[in-house]
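Note that subunit A is present in both complexes that follow, paired respectively with subunit B and with subunit C.
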Partner chain A sequence: MLTIAKTEFKSRLFLGTGKFSSSSVMAKAITASHCQMVTVALRRVNLDNPDDDIMKALSVREYTFLPNTSGARNAQEAIRLAHLARAASGSSWLKLEVTPDPRTLLPDPVETLLATEKLVKDGFIVLPYMNADPILALKLQDAGAAAVMPLGSPIGTNQGVLSDSMVEIIIEQARVPVVVDAGIGAPSHAAYAMEMGADAVLVNTAIAVAGDPVAMAEAFAKAVEAGRTAFTSGLGQRRKHASPSSPEEGQLSSDLAFLD
Partner chain B sequence: MTITINGKNKTTQDTSTVATLLASLQLAPETVVIELNTKIILPDTYQSTTLSEGDQVEIIRFVGGG
Partner chain C sequence: MQVLPPLKRDSYPQILHSWTDMYKSPDFNQLSTKVKSATVADVEHALTSDRLSLADLAALLSPAADPYLQQMATRSSEITLARFGKTTQLYAPVYLSNYCTNICAYCGFSADNHIKRKCLTLDEAEREALILHERGFQHILLVSGEAESALDVTYMEAIAKRLRNKFAAVSIEIQPMSREHYHRLFLAGITAVAVYQETYNRALYKEVHLSGKKRDYDYRLETPARAAQAGMREIGIGALLGLGDWRTEGLALGNHLQWLRKTFWSTAFTVSFPRMRPATGSFEPLVNVSERNLSQLIFALRLFDHDVGLIVSTREEARYRDGMLGLGPTRYSAGSCTAPGGYGDSDADAEQFSVGDHRSLDDVCSIIRAKGFDPVCKDWDSEFQSSQVTD
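Moving on, here comes the complex of A and B:
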């Protein structure tokens, strides 16, 4: 069982709720994924369409809501959004995102660390989105992050876990759960992260923009479970040269006598 | 008087409170969070918080996001 900030999660798949074609497709995909943690963002209300409320489609009691600070370009903006998120959700869970460059959406390590330090002091359960930097992961953990969320590849790119060798070091060193976030574009990518020993993965785009998001959510759920079971079962070591799977003893002689 | 809501100027009655503003915008109070001049206003003070000329109001809610 995965535990973050004393909360237990049976499912190791977290879902983002952006980019779905409708609230009902989103709700069905979330159900199919069996996830227990969903991320949401905060935006200004569209005053021309005041009824457009995503929370109508989501059962607040069923899931842990993880509001993000997407849009924040520095620590100050992230902290402001964090307090708004807590006022809106009534909970202290927070996915901290500080992305100064809209083209890459890569997280700012300095501002992320500053904001983590402040928000932990303010009583937030902080899960920072970070580059796959093992030293930064340790610093965020020391600052009180409840988990760390290294990226697989840039947000929304579906490129998979390009940062695998660094994520492996992060997992090896971490005392808090490691959630691989961003760039996971296929169930195989999610399984790969879980096989490496990630505690969970967060997926949004790959499910939301799939031809059939509900079926894709199910595929991701299976992949995450398979990857986790593979990790706990102990994977075989990678080696350079062949090692026969069939016994070497009792082989027929290379001289096939019966063909004479 | 004129106040700014989500970056746009809007004319409201001089006696407006946060509660009457939300009602006039047809927004259910429990679905939004309000910032008045960058300070968060808690729901139990919506009725007692009056608005003044030039106030900056942000009305925020959750949307889908990753």
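Moving on, here comes the complex of A and C:
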């Protein structure tokens, strides 16, 4: 079971709520995905208005809402958005996004760290979206982040986990859950991230813009489960050289001939 | 946790802002069960994995892995070469004092042993260190028994300040201290702290540590974390081989190491493998640890942690140390004398343990070179070390 900030999640697939053709398609896709955590952009949703399209489509009781600070260009803006989100939703969960470049929407490491430090002190459960930088991940967890969310590749590009060698280090070093976010364009990408040992993945575009978003959501759910099971059952490693399948019993080659 | 290099004494409280939950060592019997239950399939899985879990480490330490020693050596050698290159670091200990307030069943310095006690004056200690300096050492380890009355933080600060301009690195292996004291020593020029748990078996720990401060298992277990928090660049841990089951001690060490690494990610770590040798007091090792066993432990930890420094001291014989060059260990002591004042006065007695490799630094360097490796005596900088202090 995945635990973030003492909350347990059966599903390791988180969904974004943007880019769907309608709120009803979104709701059906989310149901099909069995996900329990959805991120919503404060700029798009009226968190305190039950008649809001998205809020109407999703029951607050069934999902953990993860308001995000999409659109924030620096720490100060992100902090203001976070407080607005908490005031509207009553929840302290926060996906921190600080993206000064509106073209690539890549996260700003310096401002993200500053905002995390402040928001943790303000009592938020902070899940920062970040570039796949292992040192930054360590500093964010030291600052009190509840999880870290490194990107697989630039958001919306469907390129998969291009940052895998860095994500691998982040996973190896982390004391908090690692959620691979952004760039996951196909169920195989999600499975790959999970096989590497990611604790969860966050998917949006690949499901929202699929020909059949509901079926695609189901495919992602299966891929995430398969990847997780593969990871916990211990994958065999790819090796450059053949390795003998049975050892030479008791035979020490010249390497160890010095032993008494 | 990142440990920022402190600049001023005043900045100390800020470094402590994110002190997290302290390390709890898992139950020794449970660890032992894990080690014993590993199968050949588990060993083969561990041998083909790049990123080893604690379960993989348990497998490599298990009896099931005994026949795989050669495969483990090959893999360990590959990893060590890739990470550390064709180098072996060298250091020598300076024994400052053999006063000790603990009674430990296995130790030559034990308070109830009738040996000649000596604590070097600062001048004597400096002279001893300078002898090593002349012999070519740039890294020294200051060692003492555990007696604050003989040797306290003020003494250590004073000796560190005398030596820091002359040596690239000065490490300590003395009684456990508070964070505040470690921090003072760091500012004075000490860069590394070694403190061994001796055994991770809590019950056995109580049996062999009969009296004194060292009886407190948890305080000792928390010591590496306190030293890391105080800003030390490197922390050494270890278990005394000959007390508890070495396989289980290895798994406990790996567990401790993993926690330390994750918590203090900007600190470097080393593991030492002190294998019990005859000492005054005629304590017979409780378990026999053979050279094959010791090698398996070293290879297993190397496969588990590619970056950890692995230290083999002169407790081991020359033949063994020469054989192990390049297979996993990264640092050797050389030309060691384990009695206080022993470098200047070759008649000094009351040593902590007797040495297995009596060769000089030059002789050890020659062997290292003959094996195609570079003996490295300098691995830090004395200028840097003394210039960071602002008080």
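Remarks
As a working rule, the second predicted complex is superposed on the first by the 231 of 260 C-alpha atoms of A that agree within 3 Å, B and C clash if a C-alpha of one lies under 4 Å from a C-alpha of the other, contacts with A are read in each partner's own complex, and residues count from 1 in each chain.
Just so we're on the same page, contacts are C-beta pairs under 8 Å (C-beta built on N, C-alpha and C of every residue); 3 or more make two chains touch, one makes a residue touch a chain.
No experiment lies behind these values; they were computed from the predicted model shown.
In the superposition on chain A, A:A78 makes contact with neither subunit B nor subunit C. Using the contact criterion defined above for the overlaid structures, shared-chain residue A:V179 touches neither subunit B nor subunit C, since it reaches no partner.
Of the two partner chains, neither subunit B nor subunit C is touched by A:A190.
Judged by the touch definition given at the top, the superposed model places A:N204 against subunit B, while subunit C stays out of reach. In the superposition on chain A, A:G144 makes contact with subunit C only, not with subunit B. In the superposition on chain A, contact of A:F258 is made with subunit C only, not with subunit B.
Touched by subunit B in one complex and by subunit C in the other is not one residue of subunit A. On the subunit C side of its complex with subunit A, the touching residues are 1-2, 18, 44-45, 47-51, 67-71, 73-74, 77, 261-263, 265, 290-292, 295, 319-320, 322-324, 327.
On the side of subunit A, the complex with subunit C involves touching residues 138-139, 142-144, 168, 172-175, 234, 236-237, 239, 243, 245, 247-253, 255-260. Those residues of subunit B that touch subunit A in the shared complex are 5-8, 25-28, 31-33, 35, 38, 40, 42, 58-66. Of all residues in subunit A, only 16-20, 26, 39-45, 47, 50, 53-55, 65, 67-68, 70, 80, 83-84, 87-89, 155-156, 182, 202, 204-205 touch subunit B in the complex they form.
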